[in-house]
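Below: a set of structures, written as structure tokens.
One chain, chain A, appears in both complexes that follow, with chain B as partner in the first and chain C in the second.
Up next, the complex of A and B:
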């Protein structure tokens, strides 16, 4: 695997739209060619080299390419958007839409990310060592086909609207989550290891949510049906099992109604 | 004094019966003229190419409130589907494109006139503002009458003359073009949470049947002598077994003959007839009754139809048929918008995915094509996708490809998950017919223009008509063996000349000539009764005053008035 190192030397005055920073785009290009690819600051287009020092060539394929971003990328958006393979490591913070519509590969952010990260995700792995903003692993605006697959792992806290319209895949939040988790969900799993504020699983049709801590304001649309012993993300525990959202339509499979499951640790 | 000569193209003009003759077309000051009247024209060499009049779309939802609702509530329709700016204005969207993209894409396909399929009268200012913002193509808009309280009351009491006076007033108030009827009575019934399931099912409170609304409006239309006929979206649309209701509606036109000075020969246009040609009694056993419907249409000269071809895309349905949209939403569980328009109509919007993996979708696809392929008279059968209901208008070139090539149909059918079930439920696999370029010109230009009553200006290439010419990179003497080339040629025309100005060259927009709003101004004798009714209704029931209701002139963009005088 070949490594391209991008060092942010000339930070933008506004924000950079970095959707071209993906292993797919970098594959087969030399450092000089990479310095010439397009990046946008607002509506102004400029070459990547205007802001970043580029070292190293891309690999033959996306899977063969690793991109390391150094410097303060707090104002760089859309890194790894729509990537299908390869690896990206962001040494510090990054802005919105990191790993959006990702299909494969791996992104590791060592700092915090802002909102809309991992939205519309279909596969791959997004790991954030710090906190994430709102709409983590959510569906793009208006879209009813949310996260389809892949894994999002955030060590810290997440904002609101996590996993809206989630259809598949797994989101693991190490800390607390704000309101709205798996709203309209039709599959997938969200695990909150800290506390959740409320509106957990609203209008959820199918899928699973685990909350290890407390739900400050649980929804009345979920009904307690029993207790289960389960291993969740490597942790064994006893959970209260709720089904819901009872105000929503639910499909029938093999004569049985399918509900969404909400587990809270006892 | 601008002069343009289009030389040596293969010209197809069904209005003059020209079938691919190699000839020159001359345009002077925006109008087609005899070639010998030009002195020093600029020349377009169309040798080896197909030359037709600018396209005319009889039915497309491109402007107005429900289209805009579709745009607003489907941001995902724009995601990764909006090209970078190449023209004056940003383009975005796929199934509900922005106004600018709508105009540009129609122009790129060689169209010059598009008839907006449904204008809620109360919201006519919005319709006209969007018409203004839709570049290049000329537009008209049809106000909806089939559920209007005035219309229901007049027709219940057989007051055709009063209804005609009201219709004339509303056409003027909204700067409308023709009488559109959507699910007559059923949309009003939707206000009670009901529907009119067939044409004899009376409307609640008003106690009038859809059949009586339809015949009353035909009588009104012919009493006034409007350019276009009644334009009907049938009752019970989109449901299995509805072909009997469609036949019932078609039979209502029996005995009526057209009375107009615009060259129109039909008294009823049935729109997106694909949605109204279903047999069976459930989604499990739905089958095609396209042949039954087209046998009737073929033997009755006073009917025209358009296809409403399903294009197998993800799209956005939108119609004034409120109960139907509710029905659709309960089938696919997606987001739904429902609106009531005071005293007049309603509307619903629901996204819909026509998938080659879904049996009903592929049967619908086959039925649409059967409609055209069973037609004996393509001057009365037009290409539409009921944009965006069965698919976006940008798929017309693909529809043309399917109609012109059996191989292209077979290629598409190979992708069907339920191919055998589709073949069993339809007759598409037994049809070898392939349409010609002349027949495509009938279906996309000459026919719709004649049916709309505008064939003296649009849809043809006779001297005196508008200088709207589309040139396609297709050689009729050497048609491409790969049908995809037909689709690409019709998607991006070599040239579109609009009013004598080259608007599209090599598939790209190069100029944006001024566009027009076409409307029909009917002069009727003063009618004190109707004026009093209008005054009363607005006083008691409307949410706006009558003065604010009528379109202000500043909303009307570059009008072209078609005048009808019934007082003579």
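Up next, the complex of A and C:
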């Protein structure tokens, strides 16, 4: 695997939109060619080299390319957007849409990320060592087919609207989550290892949610049906099993109504 | 002799009363009397001529304003737009659709973000509508058919003073001949508002827990049990209200800022739409946003037609319109220091935004386009006065139920004052001239390319 290192030397006045920073775009290009690819700051289009020092060449294919971002990328959006393979490591913070619409490969952010990360994700892995903002693994506005697959793992806290319209895949939040988890969900799994503030599984049709801590304001549409013992993300525990959202429509499969499951640790 | 003008539209709230009678002086310069309007609407007309400026004013180094010509103001504005990497054009609550379309043309040419007051108001309704549809109706249908009215998080007694008497509670319509005696009114609000005074049932929901209450309504509607108390409301009360909703012949849920300005925003509206859809399994139910300004529905209609999105439009890439509130919404852009020039038109951002975004926006050039001095004009670099739509300028406006209405003028604008459409057309012309001058200087550099230009 070949590694390209981008070091942010000339930070933007506003924000940079780096949707071209993906292994797919970097594959087969030399450092000089990479320095010429487009990056936007508002309406201004500039070559990547204007802001970043580029070292190393891309691999032959996306899967063969690793991108390392150094410097303060707090004001760089859309890194790894729509990537299908390869690897990206962001040494510090990053802004919005990191791993948005990604189909494969791996992104590792060592700091925090802002909102809309992993939205519309179809596959691959997004790992954040710090906190994530709002709309983590959510669907883009107006899209009723949300996250389809892949794994998002956030070590810290997440904001609101995690996994809206989730259809598949797994989101694991190490810390606490704000309101709205798996709203309108039709599949997938969200695991919150800390506390959740409320509106967990609102308007949810199918799918699973695990909350290890407390839910501050549980919804009236969820009903306790029993206790189960399960292994969740490598941890064994007893969970109270709730079904819901009883206010929402639910499909019938083999004569039985399918509900969304909410498990809270006992 | 004084002249009476009938069927005048009111340039205040989203109800867009179009039955006003305005008496003007012989010379057409003075408003003498306004009939049929509420106190706010008649004040708009009576104070139209107070504190007016006939020329744009530019801020001087010593902090004072100096009058300049329209040509100089247009040149200044065009140059600010051209120089900025990401200018923001925000407002449009109180202007006509013609002005909005012209402004969008400027935004596209300048590579700007264009946003309207929905951004801090009913924008979240749009997001819910994208996700979940909009089973709505016109106000005429509500007037002629509805026998159950729900006001959820709205206080029309103060914000839309003639809404209840024209369309919802009191009028006698085709199938509603008994007026308010034949109607049931449910008000859901944490406060005992003046609207709640006229309600048959007032549910005092715990502030910020509307979503939970909607969920309870839906759960009961599907025949399931709920806890004894949800969001501060007793189970019996919820069951009673649901029974009334189910037994209606035709119902309308009017919702306001109680849903859009409390935690969850779009999801509060989203689940309200889900409830409306569920109720249609039993009877006919509709839902409508209580839009604030008389033409705040307008930019949604105009820009959706032009670009496919109603608000928070990022046109910086020219050939792609991008919209994602949270990123491209005015307050977020300001708070994140993501814009470097600001044009405030037909609203008062300095008064309506939280103070922090105002401070952030103030770091960059700030131009206000407004007929009157406002808080925004007091901190602007440039104030361009324009004519008042609905008083001095005619045009199309959209009522809260998306019905377009032709507004008329009743008096003349002060001599030489442009209207919004003329002003934006001239800014557009100036931008084109500046672009041509630039292209002539550096022949190699063509107009900036869009994202997909290389494809």
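In this section, the second predicted complex is superposed on the first by the 266 of 266 C-alpha atoms of A that agree within 3 Å, B and C clash if a C-alpha of one lies under 4 Å from a C-alpha of the other, contacts with A are read in each partner's own complex, and residues count from 1 in each chain.
Here, contacts are C-beta pairs under 8 Å (C-beta built on N, C-alpha and C of every residue); 3 or more make two chains touch, one makes a residue touch a chain.
No experiment lies behind these values; they were computed from the predicted model shown.
Novice: Following the overlay on chain A, give me a clash-or-fit verdict for chain B and chain C.
Specialist: Once chain A is superposed (C-alpha atoms), there is a clash between chain B and chain C.
Novice: I'd like to know which partner A:144 touches here: chain B for first, chain C for second, both or neither.
Specialist: both
Novice: Compare chain B and chain C by how many residues of chain A each one touches, and report the one with more.
Specialist: For chain A, the partner with the higher number of touched residues is C.
Novice: Thinking of the overlay built on chain A, is A:116 touched by chain B (first), by chain C (second), by both, or by neither?
Specialist: A:116 sits against chain C, while chain B stays out of touch.
Novice: Can A:219 be said to touch chain B (first), chain C (second), both, or neither?
Specialist: A:219 contacts chain C only, not chain B.
Novice: A:202 contacts which: chain B (first), chain C (second), both, neither?
Specialist: second
Novice: Both chain B and chain C contact which residues of chain A?
Specialist: Residues 140-142, 144 of chain A touch both chain B and chain C.
Novice: Tell me, which parts of chain A touch chain B in their complex?
Specialist: Touching chain B from chain A are residues 140-144, 249.
Novice: Spell out the part of chain B that touches chain A in their complex, as residue ranges.
Specialist: Residue list for chain B touching chain A: 73-77, 79, 333-335, 351.
Novice: Please output the residues of chain A touching chain C within their complex, sorted ascending.
Specialist: Contact set of chain A toward chain C: 13-15, 40-45, 96, 115-116, 134-135, 140-142, 144, 160-161, 165, 179-180, 183-184, 198-199, 202-203, 217, 219-221, 223, 245-248.
Novice: Mind pulling up the chain C residues that touch chain A in the complex?
Specialist: Residue list for chain C touching chain A: 84-86, 111, 127, 130-131, 209, 211-212, 214-219, 221-222, 224-227, 230, 263-264, 267, 270-271, 274, 278, 316-318, 323-327, 336-340, 448-449, 451.
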